[in-house]
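For reference, chains read A, B, C and D in written order, and residue numbers begin at 1 within each chain.
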Amino acid sequence: MTEEKWKTAITKIEPNKIAIRGYRVEELMGQVPFAHVVFLLLKGELPSREQGILMDAMLVSSIDHGATPPSALAARTVASGGAPLTAAVASGITAINRYHGGAIEGCMRVLLEAVERKRASGNDTTGAASEIVDEYRAAKRRIPGYGHRVHTEDPRSVRLFALADDLGMAGEYVEMAHAIRAAMTDKIGRDLPMNVDGAIATMLCEMDFPPEMSNGIFAIGRSGGLVAHVYEEQTRMRPMRRIDPVAHEYDGPPDRKLG
Amino acid sequence: MTEEKWKTAITKIEPNKIAIRGYRVEELMGQVPFAHVVFLLLKGELPSREQGILMDAMLVSSIDHGATPPSALAARTVASGGAPLTAAVASGITAINRYHGGAIEGCMRVLLEAVERKRASGNDTTGAASEIVDEYRAAKRRIPGYGHRVHTEDPRSVRLFALADDLGMAGEYVEMAHAIRAAMTDKIGRDLPMNVDGAIATMLCEMDFPPEMSNGIFAIGRSGGLVAHVYEEQTRMRPMRRIDPVAHEYDGPPDRKLG
Amino acid sequence: MTEEKWKTAITKIEPNKIAIRGYRVEELMGQVPFAHVVFLLLKGELPSREQGILMDAMLVSSIDHGATPPSALAARTVASGGAPLTAAVASGITAINRYHGGAIEGCMRVLLEAVERKRASGNDTTGAASEIVDEYRAAKRRIPGYGHRVHTEDPRSVRLFALADDLGMAGEYVEMAHAIRAAMTDKIGRDLPMNVDGAIATMLCEMDFPPEMSNGIFAIGRSGGLVAHVYEEQTRMRPMRRIDPVAHEYDGPPDRKLG
Amino acid sequence: MTEEKWKTAITKIEPNKIAIRGYRVEELMGQVPFAHVVFLLLKGELPSREQGILMDAMLVSSIDHGATPPSALAARTVASGGAPLTAAVASGITAINRYHGGAIEGCMRVLLEAVERKRASGNDTTGAASEIVDEYRAAKRRIPGYGHRVHTEDPRSVRLFALADDLGMAGEYVEMAHAIRAAMTDKIGRDLPMNVDGAIATMLCEMDFPPEMSNGIFAIGRSGGLVAHVYEEQTRMRPMRRIDPVAHEYDGPPDRKLG
């Protein structure tokens, strides 16, 4: 019954001392923003200034998408039965999987594969993109990360790509993401802009995150929205109501701009 | 079977437009840090600069506390059975409840009650604190938010109170928190410093959050650590191992300072 | 850091030996029905023949109530995001709480209190029932376990009470359940038959189960239906569809009778 | 936004009428045991007498395996944080996945493949078994369903196979299960008896269940044990204790026999 020793490289706890990946938590608090500490936790090192800004924007882009996604509906439905806030939020997070948020991981795998081929083939971005698009078409599969049911030009994607440009963070994955879009337009005759899953996938590739972590990062972001939805459900709606995924109406603050 | 209309004040979704509490998500991204957008989602308004810093520090203070809390152990145990990352994280979040994180809500209720009495009695902070301590002693109950199994002077609490001072955010709840500690030292003869739950409770009172939301805020913060733990479990440890809550060893980066 | 020893009275595991509350699992298998072993696990002793039949009927009464309850909707919604079967079922079970299934516990507490008062007052069932109904009316609260949105005479309740009569299991809790119904008819002028929650509550009282266990018993029964719903969702419906709590249609086997 | 109609073949709900796969629930209650109704729900038809007995024995075989499996540990850990009974049970059920219970599905796939090959090759059971064992050895993979850490001869497996024999239910999957064991003994030189996962897999194949459903069936059975563990945790142990997967002691009823 020998058991290999359990090792963990995340947080060291000693009396009156908490060190996250080596940094004292009290030194991080108030100096390093939450999104940067998430980066530290997941990657082992603090982000550069540019990576930190991108990471933060990515978490904000994931924070909420209204009441219709399965995560919000599941969380509200569970809350409606009387579960405590955290248990309801947990059900929402469980709904984030292969089909809800999962396109991030799927798109990362496409981009990683495409960039690998490009490197192997002497840096021909267009060729690698074209090859991938052909293969997906032949297999009658959609490339994850492109196109959206509601948003034809997703404002979150546009913003993430613009930020990457501004920050000098647009590398070969951004290039490849554009090349695949162009190849699809060319071969399918339809322009499918990247959705937010695809844009996040591209940024995660640029920052060298493993694809297996992507749903977790999305979940960290979305946890903010889920707490808001469950709290609203618990305080505004009556228990055991029929939660219709379409019949709701926004009655929050009107459109406004940052001051 | 008449059903009142479902209204939501959180996020408005229209084609190519996503507005969180009225603000375009793409305007928030890259300009407003994640912790501030969480504040916006939960409170309906963006924080002041000072509130934003405090909110951010609070989320960082909650982000991880090693492998021993029930949330990390539950998440790792569920991952060990083969569940996907998000489902394992969800079990960890479900573990956050009355006894794990719940002292935040408990302490908020004490502080709210104490400050209400203080106001009713002509602003006698010491008197209200003394009254509360007497009542808890008579009922043989512990006041939630004071004392800790491991940390005699929790660095997270010290930092949160220092930040509140520096930011000019230390109001009557901070005052009351100190007064209760002093009353306990006086009456019990033992100095029980505030733990991190108590410190977060105090800050949430200062920022006018409802106590019912506190576990959710803690869960948002802790989601960062849980994703790191589950990913580490999935990539470093073998499935179905015995997860012993004490027999683990830290092998991450050595102590280091912000650059 | 002394820790009191963890003791468990449920199952003893030794090499090649598994004993549930003292009974070898292989002796139970094929001889004692699942519902009776659940009774053994929860109560510590095997049920009498009559208790076993009632326990089995109770679990069957809870096994499914179509696609509209929050448990089924939450489970299907989570499955729709791509979660594995067990994680989706788990979200459904989390939805069973205070408002969904919780009336069992609420009704048990009413019946336990009422019977206690009856005993204290010299066995006046009618008086105790009348008192309870008056108190709930004064507090403008509904007595849990009576009335149903859909079923005016719930066939599951009718059957459970008939079974209890046939089996000679109808004791003072059944008597009290009837007395409370009569008192309500008398005082409110409306006949509210017991719903299935109330009927299960009555039977659990007759079999001396603690109220705190009731949601768990309901969950064991409902787990059967939830697995069926999630499997159907995963195999018949496309992912990420809008799961409307009302717009579904039954296309299963037509009405039929036991052979 | 056309949406195909949602159809469900599970349960029809009308006022005062609940029909499960066509049968009135009140007719099932008290006449058809819970395990048989689970079979009805999952397969669409009631089991034969023999199938019913086997299904019931299978659920009983899964009902509990003490405090050490991840499902029990996760459920108790979540309960320890203060979560309600159902939410804690749900975390336990989420722990049932690829590595915990998942060998049932894995073993079913092996048996289905092996029997298909046997049929294709003119009913040579020994040949098909030998082929499969060779392929797994070449790939250095273990065949799921054989061998156990604790039980060298699992009493649950022995009992399930004996029951299948007695009931005349031992068909070509039972034959293949034995043939694979023999081939392994022959080729590896070590006799690895089927564990309970393998035995359940064999019976599910004999009863024509889809492999994708197997974890769900295991979860229905285990829900009984999980409710018992969570209730014991909530009533016997103090919150937030260290839940050590090995340091527990059985203090329940001594060994006893059915009357």
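The rule we apply is simple: a residue touches a chain if its C-beta (ideal position, glycine included) is under 8 Å from a C-beta of that chain, and two chains touch if they have at least 3 such contacts.
All values reported here derive from a predicted model rather than from experimental measurement.
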item: Set of chains whose contacts include both chain C and chain B; value: A, D
item: Pair joined by the larger number of C-beta contacts - A-D, A-B; value: A-B
item: Interface residue overlap between copies chain C and chain D, same or different (over half shared); value: same
item: Rounded Å distance between chain B and chain D, as computed from the means of their C-alpha atoms; value: 40
item: Separation of chain A from chain B, taking each centre as the mean of its C-alpha atoms, in whole Å; value: 24
item: Rounded Å distance between chain A and chain D, as computed from the means of their C-alpha atoms; value: 36
item: Sites on chain B at which at least two other chains make contact; value: 68, 83-84, 86-87, 90-91, 94, 96-97, 101, 242-244
item: Complex contact set, residues of chain C against chain A; value: 68, 70-71, 73-74, 77-78, 80-84, 87-88, 90-91, 94-102, 239-240, 242-246
item: Chain B-facing residues of chain C, complex; value: 83-84, 86-87, 90, 94, 149
item: In the complex, chain B residues that touch chain A; value: 3-13, 15-35, 37-38, 41-42, 44, 46, 53, 56-57, 59-61, 63-68, 84-87, 89-91, 93-94, 96-97, 101, 150-156, 158-160, 163, 212-213, 215-217, 219-221, 223-225, 227-232, 234-238, 241-244, 247-258
